[in-house]
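To keep things simple, chains are lettered A, B, C and D as they appear, and every chain counts its residues starting from 1.
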């Protein structure tokens, strides 16, 4: 991609502001890795505060990360002044979620006026190794007004 | 129900031990409200560290709580020495999740040798008011050995 | 319940008309068992034309029945002149679907202006025996105009 | 791919035999379009017997087709003498399902000893136009013995 234009910079700012406004994302330690129209990648570094009983990332952390990545992906396509809510999502957990960090990619499959559908994929990154640990689908609703 | 017998006390101990072993549950502040064979209720008091951009509980917190309640519900029926993993779950978010605390009920619908299916329900408790904020379905797999 | 009033009779007529307009429901042999505001029960008698490779009802037949029961359940609450579309649904198949007939119950959990969420349950009826063969969740959208 | 080898021909025969053994697939008119290890494409020509109340393909037909495509995709990877059951699936309906025929692609994402996860995609084909009408996820279980 070429350098981001003004529209793109505006989208980046809106997503960054939204992330800062989410207490849970700060509490878990979620970082933005990449923002493009219709696709957002988030990163979650490993911490013992994120684990389940085997010491892997808890499915709840994996899912929270994926849900947020998808919500942001939809949000990049929504009109100024609107907000986004998840109405439903579904995750299949494919492999133990471990590694230095998780990476979640939310990608808009279908963008509608009211409903937007996203594909969610989470990868466990361990040095050079990248494992597909979860995949999911999500429905977002676009709400007018903040 | 009458007073818990030895079997029941053993189940309670196993669930409490498992909760303590989950870093994410401590980090979010999850508490056990009720443990019965095939049904576990968890509680999550409100904190700003759990919110999304409107100040409600984040769907990720709601889902992590529900997933864990269902996992424990299945775990109460699993043989000694086995462990539980979520293979998939799906949540429908019915209403904004706010209140003093959330309450998540995981209940086994179908208990099989390999797979166990749970219904997940989350309520937002605000003083005397109790709102159904999310419902879901979950598949657990029983793994032999710790 | 007491005898149906005029409103209820109108709902029954709307659901019956909608069923007749659905080629697939006639092709499978679906019958209406019970219509109440927010809850519709459909019945599907066994036929070899509905089977999978073991001679049980095919998951596709089970799911089509459940999806339609839920769609009708939502439709009973929708304003005159509107129509209903399924935006997503999820089924967990709990047991082999066999018996003289299937019975699917669609029940509205949350009725919203735009989106309505239903619980779907399917039972296999074999003489006096009634087995819970599938459970699911569904999101419906209310569309204005036919 | 080069011409199918003996293993591949054996897989094709097993899928064709399984389709013939499924009464519902014959009743709907489902045809095999393509069989590869881990990926199966099915086709469903339009008939008035497959419609919902607007004259489009019924979501139940779309889902039955997708579920079967995924089941076959998993089946191509299962050991001889085993059989496949769907334990759960979820569909998001993206657009009205119309056209001359539907095409459903089931693709294995994760192949495990017990559980196999598939992605399901359905397209409405209308002359040269191809619309993504549904996407889904599915869990299959491999059962030993017929």
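The rule we apply is simple: a residue touches a chain if its C-beta (ideal position, glycine included) is under 8 Å from a C-beta of that chain, and two chains touch if they have at least 3 such contacts.
Being a predicted model, the structure only gives us computed values, none of them experimental.
Under the touch definition stated at the top, chain B and chain C share these contacting partners: A, D.
Among the remaining chains, A is positioned farthest from chain C, on the basis of C-alpha centroids.
Chain pairs C-D and A-C differ in how many C-beta pairs are in contact, and the one with more is C-D. Averaging C-alpha coordinates per chain places the centre of chain A 34 Å away from that of chain C. Between the CA-based centres of chain A and chain D the separation comes to 29 Å, rounded to the whole angstrom. Rounded to whole angstrom units, the spacing between the C-alpha centres of chain C and chain D is 23. In chain A, the residues touching two or more other chains are 87-88, 90, 92, 137, 139. By the touch criterion given at the top, residues 90, 92, 94-95, 109-110, 117, 119, 132, 135-137, 139 of chain A touch chain D in their complex.
Residues 87-88, 90, 114-115, 137, 139, 141 of chain C touch chain A in their complex. Those residues of chain A that touch chain B in the shared complex are 18, 21-28, 47-54, 58-61, 63-65, 67-68, 83, 85-93.
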